[in-house]
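In this document, chain identifiers A, B, C, D, E and F correspond to the written order of the chains, with residue numbering beginning at 1 in each.
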């Protein structure tokens, strides 16, 4: 057990801390995403993992809430402190609420839950990456050593979770692009659509990367623009024409 | 170019299609997530990639909107059709709107944009996995061959994008757990907290996986519950005690 | 320990059950309202009470989620089942999500947290009353004996909590109308404003109750309408006239 | 009739005032909650009461809006004033909008309307308590005597309404715990679940109050944690085990 | 005074009616939009108009709420009726709530209030047009003569209001395109950007109308696509290039 | 092509710029409103117009996003800059997000799409008027000449669009009050209801304008208040009385 000595309350930083309490990538979001996925999960090993981490995130919610409460408390009495978060000051009396640093109430719209285990694990890996970077930014804006120490602890745990979800995904033994059951259509899956074309004022041109240069990939110029045209079509109800992104490329639409 | 022959309009299925038009994992969400990340991106190669795919998703938004429009159109005149989506029928006159199958308006809360490139790429990989599984489910509920063909095309492209984002992430050359700059705290990062304990009615016990058995990982029993206790503490303002998850495990709290 | 035997899955009822999972008066709302109030609470006895009940509600969230999951599961494969909740079917694969029966995502806007203990206890008494009536309605629409038994258990606990919060409020030793510190203005506090006037088509007239007949209360006719008039006033910026509800009653505005 | 002399406009305070205009516990919330309950109400006496107070709150909405408008007006021209609420300044031209002090648009999610009269009256008592404490905090942050006088008037009326709703609830003649029709299960209703256990760093232990010491109440240790375990169970679809909170208490899980 | 005889309750239609109670273009939206604009309005004649119509819409809110309540009432007892709106049935006991036909809670995001009188009048004209068409669709789906008669009355009033707002706008004596104070840039204001190009499968081409054929208008081909390119630019922070939509048109980008 | 030279980054102004990126009247709202209307539109000429302008607005979204990004960028490193928008700073790393200046996420609730062409054109005219006034206010608060020039360009285009939508509405050849098909009820359509009555403290009385003085219009005193009374009525379910606004005016309710 270690003890955090929070120094002087910093209402401005307390307001920022709310990002990890009631924010989109905060601890409630993590706790709920994993716990609800766990309720839906039929793989017993992964269900246990989801519940373990979901429960840990709930305990983090309480840690971050307690830290934020300490920093926000002066808002009850000081109008200058209140200015950093009038909602917390007037409606909350200086107490925490499940909102972010701009007063937006937490919503389950933040969650990514699909009822498909490997898809959910992908979502969780990304969620942990986001939580990590948010903690890092909070640490960079934090002046109080005690608060900083607690944030470092919480940030560390996100990396632990990220690795665990990666290991769980690997343990399922599917290929990295194997999602669901229906296979993608050959050929179309290997086309790269170069949709944002043209030359910038610095003379920059389209860039390359493995995604459009790797063997087997065929680059198609600007099919999105063609799709656009086609869909404005067809007065006969019940019939439309979709562009597969290849045939209708406008000639003369070239890169420079 | 291929032509889709949409058969009889199916208002019930049209309502479901809205998930990919104005739903949480639909085409507008994809288009906006990548385009806004692209505006923020300072890596020119990845900015181009984000803009290419963002633009392609916008064209998909129009495809799915046109398909949904065809299936929803009878709602304008038929009260029985209207029952499947009274919002579309009464407020929209049988036209599409940017909402999901339950009438919830699209919100940018669905988006994951952090201003950190590798974190954003993780979010995009997960987003594509989600879009893929949603298209698969729509295909499974679809009776019309023409509509099915269009959905198969759109589903295929999600796999293309998922691979491209994976390649882009690899091209950055960072380790899979290397997020941001501040490193995690050693030891704590290698602890696995076994927070959801006990025996179920089928006699099942805690499960194992690489996440809690791999060499180097130390399992700690139920620290979240202990954290919980500690934080109820301390009447002296400005001082609290945080549990690092190791020392305060309640003796006698064992697995069975 | 008792065992629930859930019979045949009933997707229509599973959809209704979501009201107590991710609905406005459901278990997450209860758990979060009490837990966050507990973080803010400086009365150690009441903090413990809030944490105890908040934690119990979290366990109920898991119970109701598991029940709903069982009833919703057929939505993954059956289009007819999916019709009862296309969001759960298409986006969730038949798994639960933190939304209500009409697909609205849970939001912290449902919570009532003021950072003032006795006000919060009033809010909690009301919250438990709401949760009780919702469980009662679910029981009335439920055909499955096992599910019904679980709902009866959960409904019972709300009454336990309601009583506990009433006892806690009493234990603070303040009068029932004593909220905060600033006293109300004498006389004005004892006026009853009869704002909705007139006679209905059944000949009904204004009604009476202790609120407008008790000794000490003076009834004022329709002051709201007068207030309305006054406030349209004053072209001189920085100056307005407010009606105290007494002087500007329109003569001739009488009850019949 | 009394006249309010608003002195110098104070944009920072004008922003705070929005809490009572378009905030969660503000005048629109009160007006709508009571009026809609009134539309649903079949008890003629209480319907009249709900309509009377609902109409009075509508007039308060106009008072608070006019006051806020006066304090916010400088935002149209001064960038420094605009900083306190850029939404009001840029989108609203210094005029009021139905949002709170952090720019969140008013939502009917704030309302508590159940269609059950005694439950609704409980919700209204709590709503008035919240409105009272918010007015008190605004008064504490207000420098202008005229504005303060108006707020004192509005605050006083909330106490009047709180008492009226209490009288209406009493007039229904039901017991304080009698909600709806279905009675709670005996015994279970008298159990207190001690879910948040352990010792804090100040040596504090679990606390007591009438809720866990009153004659007839039996205290059960930490059942929530046990419930949690049990629900992770059962691979056989359609069957789960619910813990009644008594039998599965983990031995060795004791209070200190 | 006329009397409406509502026949048999029709829960499906009652659910649809909610569009005009708590929906985006319903009576609360109208009442609030005009009343709040009225609070902000400094033109005394128009302030009176806004308050008159705002107050009338509030009375319509009560009419539509009472009608909806009658049609929704069977939901309290019948599970089949409840299926049309489980939120109203389970959470509301068959009473109305401020939500639309798909259960979305009313939000002030629906409102258009800018603090600029002539802009607000434009918004109000459009709002009345929307309300009119929604009433028309409800009438088309309504089987009950009494309900229909009430809807016809309400629909008629929207036309009255639409005309009044048009007259008010005319009475301000500004030109139809004269918004605010800063004039638009000459030449640029007279360019028409032909951004959606190409040929559909029916051979259709770009269409013409007064907007791109009227004397004085110059058509520019596809500048949006060029803008798009340019903005991907500039590694030097603090410097970008914006396309005025004329110079950077890609040669060869022609209509066919 | 012209080049914008953005000078020193101004985070406070960058925050304000978000109103036109992810705000209620911003570029995404415009782009989506017109594009989705275009998908629904069956008039080929107007569909093309809607698509042209919708696409142009999308390019403006990118312009405004790039400008805002430049001004917000210092938030990543400076806590003082971060104070102007902690959400952008902590969650976004100084990058733009689809939210407004108060951190509210963009929502499709901002959009007005009815599936009726002339109604939609009315909504679009109003939308352009709002966008124009918002740009004007941003220009007034902007210190940087380069940014100002870009805003002037964007503001100008809104006037172009406003005129185009007016021309399109005229081209449909319907009368200005001709919405939908069902005609309003004669006589009732020509009544003006004088609902907000009384005398203010400046002695002001009801005002007049063409809306209540034009030949053919009959003024009815305060019918809304009477409607209000009537609707509290009728214990017999399934029967209510609606006031046509004429017969039930309370005698003695006069103007002064």
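Here, contacts are C-beta pairs under 8 Å (C-beta built on N, C-alpha and C of every residue); 3 or more make two chains touch, one makes a residue touch a chain.
For clarity, every value in this text was computed on a predicted model and none was experimentally measured.
C-beta contact counts were set side by side for B-E and B-F; B-F has more. Of all residue numbers used at the contact between chain B and chain C, under half are used by both chains, marking a mostly different-residue interface. With centres taken as mean Cα positions, chain E sits 32 Å from chain D.
Residues of chain E in contact with two or more other chains: 1, 3, 24-25, 39, 44, 47-48, 51, 55, 58, 62, 66, 76, 91, 93, 99, 102-105, 107, 109, 114, 116, 133-134, 196, 201, 204, 225, 228, 230-232, 235, 240-241, 248. Residues 1-9, 24-25, 44-49, 51-56, 58-59, 62-63, 66-67, 70, 73, 107, 109-110, 112, 114, 116, 118-119, 122-123, 125-126, 129-130, 132-134, 136, 139, 150, 152-153, 155-157, 159-160, 162-164, 166-168, 170-171, 176-177, 179-182, 184-185, 188-196, 204, 206-211, 214, 223-225, 227-228, 230-231, 237-244, 246-248 of chain D are the ones that touch chain C when the two sit in their complex. Considering their complex, residues 12, 15-16, 19, 23-25, 84, 100-104, 133-134, 137-138, 140-141, 201, 228, 231-232, 235 of chain D touch chain A. Within the complex, the chain F residues that touch chain A are 1, 3, 38-39, 42, 44, 47-48, 51, 55, 76, 79, 82-83, 85-87, 89-91, 93, 99, 102-105. Within the complex, the chain E residues that touch chain D are 22, 28, 32, 35-37, 39-40, 58, 62, 65-66, 69, 76, 91-99, 105-109, 111, 113-116.
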